[in-house]
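Going in written order, the chains are labelled A, B and C, and every chain counts its residues from 1.
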Amino acid sequence: MIHPAATRDGMFQATALTRRKARTEAIARSVFLAMTLLLVIPLILIVGYLIYQAWPILSLDFLLRNPRNGMRAGGVWAPLLGTLYLVVLSLVIATPIGVLAAVFLNEYARESWFTRVVNLAVVNLAGVPSIVHALFGLGAFVLFAHLGKSIIAASLTLAIMTLPVIIASTKEALAAVPIAFREACWNVGATRWQTIRHIVLPNSIGGILTGVILQVSRAAGETAPIMFTGAVFFKAIREGNPFAYGLFDQCMALSMHLFTISTQVPNVPAALPYGTAVVLLGMVLAVNALAIVVRVYLRARKKW
Amino acid sequence: MVTRRRSEIVAESAIELVIRLCGISAIVFVFGIFFFVFREGAGFLFHGLNLREFFGSIEWYPTSESHVRYGVLALIAGTASVTMLAMAIAVPFGIGAAIFISEFCGGRLRETVKITIELLAAIPSVVWGFIGLTVMNPLIIRLFHVPIGLNVLNGGLILALMSVPVIVSIGEDALKAVPDSYREAALALGVTRWQMVYRVLLPAAKNGLLAAALLGVGRAVGETMAVLMATGHAVKIPTSVMDSVRTLTATVAAELGEAAVGSDHYQVLFIIGILLFSITFVVNLVADLVVRGIRAR
Amino acid sequence: MRQPMVRINNVRVRYGHREALKGVSLDVHGHEILAIIGPAQSGKTTLLKTINRTIDDVPGAVLSGTVEVDGENVRHMTDVFALRRKIGMVAPLPVGLPLSIFDNVAFAPRMAGMRKRSELEQRVERCLRQAALWDEVKDRLDSLGTRLSGGQQQRLTIARALSHDPEILCLDEFSIAVDPVTTMRIEDVLKELRHRMTIILVTNLVQQARRLADRTAFLLNGELVEVNRTETVFSNATADRRTYDYVNGIFG
């Protein structure tokens, strides 16, 4: 960019060199802008196309009615409810354990080879492929713990999948609280837990919440971990009843349903899978948008 | 003399115990994954699996009645080809976007772009697979005049879009970690912003950018549903991007449902799981060590 | 002779390979103001941390020797929190906790078990008055402590240090991040408080020691060079040549 003073009042005359530099600068900027746009624009186009294709079928009815006729008609009630069960249950399990584990790692554990190994393990676990989580869930919960293919086994599998990220984001939120606050509390005779409960945790809630909300969308979207641990092709449940599933039942799930009707069932009318995709995508994007809003709101209300 | 209520003191001891338990349990789960996957596959791994055939043969016929073969070479090739294509696209674009966000834009535009990339990351893999199936498939058939659009190209493009957010995020961290003094020194010498990026920033941030690329690879190798739906079903080593392939992850996902619990086929699928776990573990470990190097600075 | 309030006996502190304190022995008498002067990295802060046992929380710190407060060995005390409540500690950088001003000062009494609102209100007002902050904040006790100015936050820290009725008040270079006017006000506060408690004043401003302290100790590179009545330390009859040099700015 040409410095503003370069041409104002003729103080610095724009030379050929400056002009050439400005041109390179502009070109570089455009190239990088183009690269970014090339990532972003296809996304918008694709999402738009999905909504366009799904439009004929999107309605409240679609959400509240069960799939019928071998899943060639009807709505997504059973899968939607199943996904909600799985998400809520897995987060109810993972969040307290994850948050308290992070509190342990960040506030209590002394820096040692042990904590370094644990931190390494947590970070690496976050990168484990989802199919490996599926295998783990199958081996540990369905078979070893004799839970069978059930909502509880699938939820536990999802909980283990989201646990490392909840631990990592909670740790980050806790670490963002300045150590000076903790020292000030210890100096007046507060115990470690008192300090955590009254100063550290209340001021990390934002980061913790954002981390948990993001895992909601992940838990809702994953297919492989639930495919072999509790989600099924089809299950008949009563429409409109939010308590239709039992803990040891198998369930349908939105992600699995999308997979099924787009690859396993022939002759499905086009709008149906698009509709399912849009519902799933909408759910996930809405939750992520919520996380972003929470983050922005809390940044504005920062207390220090 | 004010003292704390006894009940409060007891409750505090209780909760500190719970905290310690949670800390330990997290560690247990973390190692438990490896243990349980290993457990299911161990039997066949030690008593029967021909390792040379496993790693060296492209013949994957687990359900054959006459001559069962467990060669995963073609599957490895499938994973490798899709991943390489994805990285060839995602790394330059991802780093380009990271440079754009970090150095060439500010304020509202930056926030908007960052949010869009985050939303890109949120899209579930089954939806990506669906996009590969219904959007990319016909597009590829029409543009390249091939009979099937489910191939390396399809999977590679989808994976690229899926890996970009990771690369952008870590890449941005890497660029942010370069001290402003480097930038200011360069600009004070009169170079353009692009020259500053090319000659000063990129060399300074190269460790972090490498880590970003590695984490992208880890993401791509581990992806299951999207490649299951978008790469086709051919177990063979691809000779062009128009070839259909099968990845390691997709194979497990596709066949686990049919394999009888405890059978050889079942155990081999778990062994593939161990292989996948090991690959992503190593990739993530290396990337993490490099990233830790930046954050610690 | 009356037992000293704090007895530090041959205390050594090591951080990894670096020795921060090399066998310091020092007595602090009740109701005196003892100043500890010395250049940076002499171990002054470390010494304070051994008294209220916050050295326990410093990773890698290794301690030997004994510290006795009011006759009791601090390492053998089971309730370290009661010990810390006996000692008020003011750090160099002002720290307002992210709570209301009222809650900042009420924090320590609440953690110690005080529950009645009226008692808390009394305590808060008393401590804010003692710290010379009451008049400035009495109408906005609900506002955030972190939004006060640096000088006000340091007085808030002092109010917090006083809120648990300490017998010993330790101040660690309190004036570093604070304007001269506030420094003067706080020095006046200390002159008032000395009648009620023992004060240990670590300072890098030698003139501050001269103004306030009964006795002055000179710490250099982890060693106690000299401790004497303040007049002696600032005269040319110091017990050690280095004290004279430091006090007169020949090095520092």
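The criterion applied here is as follows: contacts are C-beta pairs under 8 Å (C-beta built on N, C-alpha and C of every residue); 3 or more make two chains touch, one makes a residue touch a chain.
These numbers were taken from a predicted model, which means no experiment stands behind them.
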(message) If I average the C-alpha coordinates per chain and also across every protein chain shown, which chain's average lies closest to the global one?
(response) A
(message) Farthest chain from chain B, going by the mean of C-alpha atoms per chain?
(response) C
(message) Taking the mean of the C-alpha atoms as each chain's centre, how many Å separate chain A from chain C?
(response) 48
(request) Would you mind pulling out the distance in Å between where the CA atoms of chain A average out and where those of chain B do? (result) 15
(request) Please report how many Å separate the Cα centroid of chain B from that of chain C, as a whole number. (result) 53
(message) For chain A, give me the residues that contact two or more of the other chains.
(response) 191, 194
(request) For chain C, jot down the residues that touch at least 2 other chains. (result) 111-112
(message) Quick check on chain B: which residues sit in contact with 2+ other chains?
(response) none
(request) Sort out for me which residues of chain B touch chain C in the complex. (result) 2-5, 8
(request) Please give the residue numbers of chain C that touch chain A in the complex, ascending. (result) 52, 54, 57, 59, 81-85, 88-89, 91, 93, 95-99, 107-108, 111-112, 144, 146, 157, 160-161, 163-164
(request) Show which residues of chain A lie in contact with chain C when the two form their complex. (result) 110-111, 180-181, 183-191, 194, 198-199, 203, 303-304
(request) In the complex, go through chain B and note every residue touching chain A. (result) 12, 15-16, 18-20, 22-23, 25-27, 29-33, 36-37, 39-40, 92-94, 96-97, 99-101, 104-105, 113, 115-120, 122-127, 129-131, 133-135, 161, 164, 192-195, 197, 215, 218-219, 221-225, 229, 249, 252-253, 256-257, 261, 269-270, 273, 276-277, 280-281, 283-285, 288
(request) Provide the residue numbers of chain C that touch chain B in the complex, in ascending order. (result) 109, 111-114
